[in-house]
């Protein structure tokens, strides 16, 4: 006789400790095994795209900050690159260098949050605080440069709002030397921990073909074993001047493209970012950072899709201009938005606890999902 | 000994009984829980390069007192669809289970709440009350997260009792007693008489026993960790998955009772481990009381040593908590059934053979 | 079987390594500070509450137009001819009475976009960051130095002046038409 | 790597009238305009053709072209009548490092575009967003619901240029 069983529908969120914001996941459970995940998003919708239609081009920048609030610097970077391509202006070399330095610092800061909160999701509290301690130092560097810790409005179309602080180069070098041993400590504490590996290896495997079909990009795509980094494969700014590797998932603890790989790619990327920062600090040219900022931004009728390698993946801005001071339409391809779409595929057949591990490993920021 | 003292003091058996049974609560469990919560916060803070509570009292040592006062003042929220009798009973049951376990714990040679011959067995049995309480809490909360937490917890605690009991049997095989007082007395003298170093046996057996005793200690410490729901086995209240597990819906004093029970339980299991393997209340080096011939000092010193040992293991529990991630529910069962239980069995057999030597 | 013991071994070893790391940190001095008692040193470019130096403000409205959230509201009244409104510190002559200069800090996003276009550098960001209020209305800051009576007076003055000018103009307009009418006759 | 002209000619050969025009006189980006009900076949071809292999859909964006007539409506504002709404597809070939943009336009009153969800799963959420924001109906989409707005939002499609905020939503006042 078959026992009559019933599927349990569990609402995870919108208020839940590890949905990284206000995300609601509707789980259909067979005991603790998941049969279906339906993400419901939009709780943090702030009408970014509608707002931009009433803004001038420079006024959009503070709004881009608020999308992926863990990588604000890179959002501005991407937006500035897009509008510059639309305008066809070339920025001074120093601006590009500073942008790259800031962008890579932001990448480290963002990955630190990703790694730290991932540890928290798995249940390790301490790495989270170590990561935040180091992130605070990066934020202090930003604060020293532009006066804000989270929402910078630093990278402008055609330039930067401020030049570097005179102490910046020294402090940045200090940070690089300070931070290298910390990565090792993090590996000791979390990455190589047997419990952590058991929780993350062979969980949420994302094969390469599926990943491309789903539009996955950034560290998540690289963890699936596909060497694809826009900094190398579609170079923007001056990334082609630097020497760095693109870490890809090896499946060393389980299968290629599992949660552990996605986590570990981020760790390796932090080291690569340190390399880029070191090189950029060495050859930082002199120059005026505000000289190329146009007085009045009024692009010609046209459109551009421009993308950059955000810490989370491919951040693209699709801008249509109708020749006015306001953009006609800005559509953002947020990596988090795209990555969240693959949740159902990843979670099927796993347990409730794995949802947390998977959601943490794809590293979404709800501000960017909902815009 | 203390019983006679209270009897002489009050002149009534009833009063002596009451005082005797309330003694651990007021002298030990409450202050310990307050202290342990503070310690947990400080340990976690310093391990994470933070300061932790600093405002209430010097280095925040009164913080938990303030918290308890806050919890007492809080509204006791009972949701409409809760199963109210069970909902109210659950924290009491959890606390009773923990509190009753203290009855058989030998704090010092002068004070054992109830010096029964089935001491260890009693503790193991009575602490199973906690499972019933947790299940009740989870069920009556009428909340899916609580229910999941409670079910995980029940499965976990029951499973992990098996390796615990197997290790206890191992010890009993060597000592031949279940009485914790006698067990502690057997390990008297110096630290090399502790069970972890082979107990009060001599010769080759002792040396051969040491590795197996260390293994047994590892097993029992791991499984007691799981029994009190501490990291890495804290999945019943895994805050990142189940919000707060079985006590999600509780507030105010009822929540405080769960909290108190958790910390009291931490000490209870540490005390068992200390009593079984580390000589209970026995000093590792000898007593000042004996040295200076002050008889009343000895039980006090014993209480100190017992508390110190218990606290050390509580500290290790905290240390583990702030270091490790948590396991998944099926992995937790795997650790128990595939690793701990077979090892405990093997250990049991080997130790059994060794004692025959 | 080998894997079985290997699992146990790696588990124990990695746990011990982790415990070593956390134990070391027990003795590392804390990086946090006790905030209201100890305050961090803020960098000089700190971006917090805006301040407007009204002595230098010429009422040009550029900051209000740059603001992406419209938190600055400026109203101005033209000065009467011959009236001396003073000069800004960099020598610009003022021509407008600023009768309203409100910044709503409940809306302000501290982006600093208002600071850069200012021709007299009279609006800038300070390092005051503790200004939370219980009433949202209290976050509406009024920077105008004129008293409410003065503001009304300036407005009335200008209206009167406008009215006078209008009547003059009207008079000027009607007169020539009269003249033409006269000449026609 | 093929240029956009070559791809246009190739598509024109294969699909004939479904390929409407190649717009290449605007700054920065050129695109091919395609008939809305043929887009899925064209995309499948672009993905599976060995020489093109556009395996990655970078972005799919719905745009309100606002090229109709402005007419005053009942409550004093203006609304747009006629004209089109469009969908832009930006494709990329990870093999050949080649990029291309496509555009389809549909009538504003009842825009219907074939879904490319079966070609790239990535399009799923982007199409839902375009439906949510612009009101483009993607035929053959398995799960076309609103995504960012509440499921029971009845006041229209926010990113249309003539969108007006409703007074109330579920009894809550909307403009604050």
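Letters are used for the chains, namely A, B, C and D, taken in the order the chains are written, and counting of residues starts over at 1 for each.
By our rule, a residue touches a chain if its C-beta (ideal position, glycine included) is under 8 Å from a C-beta of that chain, and two chains touch if they have at least 3 such contacts.
What you see is a predicted model; the values in this text were computed from it and never measured.
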B-C against A-B, pair bridged by the larger set of C-beta contacts
A-B
Measure off the straight-line distance from the CA centroid of chain B to the CA centroid of chain C, and report it in whole Å.
60
Averaging over Cα atoms per chain, report the distance between chain B and chain D in Å.
64
What is the distance in Å between the mean C-alpha positions of chain A and chain B?
44
Indicate the whole-number Å distance between the mean C-alpha point of chain A and the mean C-alpha point of chain D.
26
So which bits of chain B are touching at least two other chains?
47-50, 322-324
For chain D, which residues are shared contacts with two or more other chains?
none
For chain A, which residues are shared contacts with two or more other chains?
126, 133, 189-190, 193, 195
Touching pairs of chains in this structure are A-B, A-C, A-D, B-C
Which part of chain C faces chain B closely enough to touch in the complex?
7-8, 15, 18-19, 21-23, 25-32, 34
Which residues of chain D touch chain A in the complex?
26-29, 31, 55-59, 61-64, 88, 90, 94, 97, 101, 120-122, 124-126, 133, 146-150, 158-159, 161, 163
Chain B - residues contacting chain C, complex
43, 45-51, 54, 319-320, 322-324, 339
Residue set of chain B touching chain A in the complex reads 44, 47-50, 144-145, 148, 231-232, 234-235, 238-243, 321-331
List the residues on chain A that touch chain D in their complex, please.
41-42, 45, 47, 49-50, 53, 85-86, 88, 210, 212-215, 226, 228, 233-234, 299-305, 307, 314, 316, 318, 320, 329, 331, 333, 337-338, 340-342, 370-371
